[in-house]
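Next up: the structures, one after another.
Look for subunit A in each of the two complexes below; its partner is subunit B in the first and subunit C in the second.
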Partner chain A sequence: MRRMFLRRAGLALLLMLAATALTFALVTAAPGNVAALIAERAAGPGADGEMIARIADELGLNDPLPVRYVRWLGDTFTGDFGVSLRTGKPISEEFAERIPVTATLLAGGGMLALFYSLGLGLWGATSNGRFADRILHGIALIGASTPNFFVAALLVIVFAVGLGWIPSFGLYGWTSWILPCVTIALFPGSVLARVVRVNLQEAMARPFATTGFAKGMNRGEVLVREALPNIAIPYITTFGAQFTLMIIGAIVVERLFGLNGIGAFFIEAIRFRDFVGMQAVLTLFVVFFVSVNLFVDLVAMLVDPRLRRARRA
Partner chain B sequence: MPKLSRRQVMASSAAFSFLSTLPHIALAGGHGDTLRVAIAGETGDLDLLQNVSTLSSYTVVFDGLIHYGPGGVLEPGLATAWTIAEDGKSIAFDLREGVTFSDGAPFDAETAKWNLERWMGVGDFSWIGIADAYESIETSGPNQITVRLSRPVPAALLELTIVRPVRFLSPNAVDADGKQASPVGTGPWIVESYSSSETVLTRNDNYWGERPSFSRIELKVVPDELARANALRAGELDVIGGDWVAPLSPRRAKALEGEGMTIVAEPGTATTILGYSPKSPMMQNRGVREAVFLGIDRAAIAQVLFEGFADPSVDIFPTTVPTAGVRHAVPARDVAAAQAALSAAGWSGGGSGWTKGGDALEIDFLVSEESFPGSRRIAEMIQAMLTEVGFKVDISSVDNATMHERRPNFEYDLTFFATYGAPYDPHGSLGASFVSTVDTGPDGKIYISDELDPVVLAALEASGDAQEAAMQGVYDWLYDAVAACPLLVTQRIWAVHPRVQGFSLPATDYDIPYKGLTLG
Partner chain C sequence: MRFARLPWLVLTPALIFVFVGVFAPLLMTHDPAVQDYTAILQGPSTAHWLGTDYLGRDLWSRIVGGARTSLVAMAFVLVAALVIGVVIGSVAGYVGGLVETVLISLIDIALALPSLVIALALMGVFSGENFDWLSDYWKMVLALTLAWWANYARMSRAVVVAELQQPYIEAARVMGASHLWIFTRHILPHVLGLVVVYASADAGALVLAIATLSFLGLGVAPPTPEWGQMLVDGMSYIEEYPNLVIIPGLALTAVVVSFNLLGEAFALQKVPRALRGRLLGRKRAERKAEDQARVSVEGQA
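Let's look at the complex of A and B:
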């Protein structure tokens, strides 16, 4: 198990290196001139060609791409992500301020998606084929097909503007998290609800479910005790994939609800061609994606001994 | 009658208790004495020498020697009077007595000199005429300074009203390297705190001018326009709007007006201009420029795309800017006249479109929605209008960075520009956008030519009574040569919650409105 973990961690590290090299190349190839932006920040309308050339030289922007990547990588490993071209603050300071916001949003959204999907999926499975099952199917379908900006606007109009119960933006106590978390959880929760429902349906047709009924269990008991543990692997892997994708949702949701997290910082970095900020956030995203997937793989192996044996073989 | 189990009763009670607390939670932290203003991006540290922080927040914290009043009238700020020498090479300022910075440090001739020397004569600020021509500053007593210049700078007083770096910082608010450590000024508001979410300002009770009627301003960072509008509707914000504060689109303003919010719209100070590339062979043809000029229905654009919150114009500057010149009548769209201009220039129409010497009448229209929000829709409307005239218009829709690369290299036939607006104009835009020898980096030029350069330079150097005539000379030259195609002046739009009374717009779009307001 330990060797397997080390091998997986090594592969994850290689993947991160490849992904950061790719994003570095893409960000560098994007239109725009970092030196011009820095010059403009320092001198406003006084930025001229000579000043831009001097800054480019000082920053080594004329060096070959591999040299620049290795230099950037070295700085990043020491925790130096550079200084944001937009805000003028070190990226590490920006991250320290913003990561807790995004982490809370993802954690809240993840928890909601977990409960929502299990609740909806189980309820649908217990009312198999009946009216409630069809209604729940419809709810999940709508949730999985509605864009989050629309959901956000709808929730704000009803709960903030109409009822005045919840703040429409910013962070003013725990109620501020309700609407953003619901918005970000709706899509993955709905997808996961379908995963639960469909897999439970299949599991209920398996011999162990029949055995459960033969033992005198009712449908609910068979679902929870026999079928549910058997859908753990597809659920965990899908949950991992959906959870990583929630970071994409966070980019939109943070802006809509005025939350100053990593997503909002990323959007502004793109708008202002803050290449340093963009590269740092993309690196963070890469680390997040790879780490979550590694964690999900490990959890799946811990949960299912068959996977451990298969990997060993 | 349905029976309820004990568990159901407990759950219902818990849910009811939870819901009943929500309104109190949402409205917690009362706002009676606080003005809540939306800002699209965080204010930053308000460093006066760095081009990073949001422009709109400086003016409430820092004062300059001179304030920019409505219509460009120069009003006393930290200077109560000023005298320009006959040769234009020195300006003497009488400083306001008894003024202190919000940290208690006195404002006097020495602190004024120290502040001005931080940017005057410094290369990074050579784009400001008075900084470029700076020679020395002399103090005469505790409340008088004289700035000596190597040459006359006619726009010197106007330059002292711009947002930064001309305002005054407490000498105690710098670190050992002389870098600004905290934003401490003499203005009506003091920065209590700032973060990426909000900046909190408290009233400066020792302010030398009129004291605001409320004690606190919260500048809330809300990047999304719809979120700002919803927060205003929900009563979580009091004021939204302003191009440099938290832009409000005309369509959204109309919607808010119908929902009981007060909409305040006044003529703007910046003109949206269609620039013809001076390097494009096609646009060097006067007939083509005339056809574009006459083929556009400015009134329709103002009405349809701006919901009436824009004023059609064919002048470089609106009347809200000083020495904006004599007005020219906005022509009605005239397709026949546009086609006649093309014919007179040697173009001939036919079944396969207009041609001249085998060249098709095809123009490249460079547009960046990112650098000029709303421009894509304007471009599409203009495309339809010019197609009727006989043009084939190709819209190149690019991102901000590409726009900033292509525009200075004149890689377009047509593209959008906007003048800087108050307090920078007319000198700011004329110097940056119409003089070929001034390097303005990524902003590009509206129009440049060897013939135009001396006309503009003469206007920029003219002072006193000669200035107005010299400026008019530039406007007439541009108009007669059809060198640019002004379209409209967008209005300054703000939306205000009913609890705010006495709202009026400040002189420029770089100011946050607070003067004369009372909160209900």
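Let's look at the complex of A and C:
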């Protein structure tokens, strides 16, 4: 078990290094002369060749790429992501302000997706029948096909413009979080509801459920005590995958509702050719995705006694 | 959940999308880029079937033009990603050894981030001076292609590896068939059969990605009509003219729903049983869920 985990962790670390090396090569080398860009930002269009050369020299932009990557890696490990070409502030400061915003969004969205999927899936399983099945399938399909930004627009039309209950833009107290979180929860929630429904249905057809009925338990008891533990593994793995995909929802929603999170920073960095900022955000994303996947693998191993036993044997 | 009877109904939006995209120039009543300041933010009328936007541009023509924009970009990306993916996946699977290890690592890295995040990052890279010779539209097509090939590569490799273990490959080899012959005559048809079906199901995700990029201001540049961009433009007028948001949004949703249903129908019926598991293989868990959905669907039938 521990060896297995260490192996996975080692692979995850390698993947992080490889992915950051590739993004570093792409983002810092491919676009063109970053020194000229910095000089232009500092001195306007009149930046001369001498100034550009000096800046390139100061920042070590003339060194070979592997040297620059190792230097960048060392800086990043000490929490120094460099200075944003767009805002001129250290990126670590930007992150300190912005990570809480995106984290709140993801946490809120994740919780909503959890309640929504379990509620809908359990409802589908308790009212076993074609009707519930169709409704669930329809909701899941539409939820998984409607673009994030259209969902957000419809929510704004109904709740902010029509009913006037909630602000539609910016941050004014906790109600401002409702629409963004609902928006990004819809897609993962719909996919997860289907996972719950399908796996519960399958578990209810297994022998242990029949045993439960034979012992005199009613449908609800069998569902909760016998069938529910069996959906843990597919639910956790799908949840992990969907949770990482929610970052796309966050990028869209932050722009739409004017929230200053990591996603908004990423989009601004792209639009203003802030390659240092882009590299920092991409690194953050890689670390986030790979660690969530690793964590999900670990939890799956801890939760499932079958996997545990298989490792021990 | 019987799709055998449903497909023609559910496919209608996808078919309309393709039809409108192909015949867009004939269906437009106005030039979608022409601004008419005498007819700003009008409702539907005989002159403007769906009304006009904040610059007096005809909404119907822009919806039609948007269908063409999405369709063309989607077709380019799908074909290019498919070719790249099949080539890389086939080489990895057929050659094996160190080449396979290197290519698989590359695929794993490409799959470590969601495709859309990669596409966004590439749009950033392409904004640099070295890429000024590309127009925004082709930058978007290129970025999406480079973000999209990895799934096809992984799928192709899996099929190649599975086919190579079949006895008939050994038989062909014994009879003196060359590698090229074995690959093109025996293996490639299997790979293409699966990958093309997957691509038709993937079209919805791609239409969505194109719209999302444009929505974020990183896709198709303004004068060209595009649904995601129409939607974001309409957001400024959402209080008084929600139509500007709802119409492109509905068009987009209908097309994506339709393509997703097409993918589901394919996954459940059209693909040989042995290959079904791989068809849906984007994420392990999703695949497992779909497998089980299939079990229960088939159990009912």
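What we mean here is this: the second predicted complex is superposed on the first by the 292 of 313 C-alpha atoms of A that agree within 3 Å, B and C clash if a C-alpha of one lies under 4 Å from a C-alpha of the other, contacts with A are read in each partner's own complex, and residues count from 1 in each chain.
By definition in this document, a contact is a pair of C-beta atoms (placed from the backbone, for glycine too) under 8 Å apart; a residue touches a chain by one contact, two chains touch by 3 or more.
Note that the structure is predicted; figures quoted are calculated from it, not measured.
With subunit A as the common reference, the superposed partners subunit B and subunit C clash.
Of the two partner chains, subunit B is the only one that A:R98 touches; subunit C does not reach it.
Look at A:L179: by the touch rule set out above, it reaches neither subunit B nor subunit C. Judged by the touch definition given at the top, the superposed model places A:V156 against both subunit B and subunit C.
When the shared chain is aligned, no partner comes close enough to touch A:A140: not subunit B, not subunit C. When the two structures are aligned on the shared chain, A:I251 is found in touch with subunit C, with no touch to subunit B. Contacts of A:A193 after superposition: neither subunit B nor subunit C is touched. Of the two partner chains placed by superposition, A:M204 touches none, neither subunit B nor subunit C. Judged by the touch definition given at the top, the superposed model places A:L112 against neither subunit B nor subunit C.
By the touch criterion defined above, A:F266 reaches subunit C but does not reach subunit B. The contact surfaces that subunit B and subunit C form on subunit A in the two complexes overlap at residues 30-33, 36, 153, 156-157, 161, 255-256, 267, 271, 273. Residues of subunit A that touch subunit B in their complex: 30-33, 36, 39-49, 52, 86-88, 94, 97-98, 153, 156-157, 160-161, 163-175, 255-258, 260, 264-265, 267-268, 271, 273. Residues 19, 22-23, 25-29, 41-42, 44-45, 47, 50-52, 123-127, 195-198, 220-224, 226-227, 230-231, 233-236, 370, 398-402, 404-405, 432, 439-443 of subunit B touch subunit A in their complex.
The residues of subunit A lying in touch with subunit C in their complex are 15, 18-19, 22-23, 26-27, 30-33, 36, 133-134, 137, 141-142, 144-150, 153-154, 156-157, 161, 191, 194-195, 198-199, 201-202, 205, 234, 237-238, 240-241, 244-245, 247-248, 251-252, 255-256, 266-267, 269-271, 273, 275, 278, 282, 285-286, 289-290. Of all residues in subunit C, only 1, 105, 108-109, 112-114, 116-117, 120-131, 204, 208, 211-212, 215-218, 228, 231-232, 234-235, 238-239, 242, 245-246, 249, 252-253, 256-257, 260-261, 283-286, 288-289, 292-293, 295-296, 299 touch subunit A in the complex they form.
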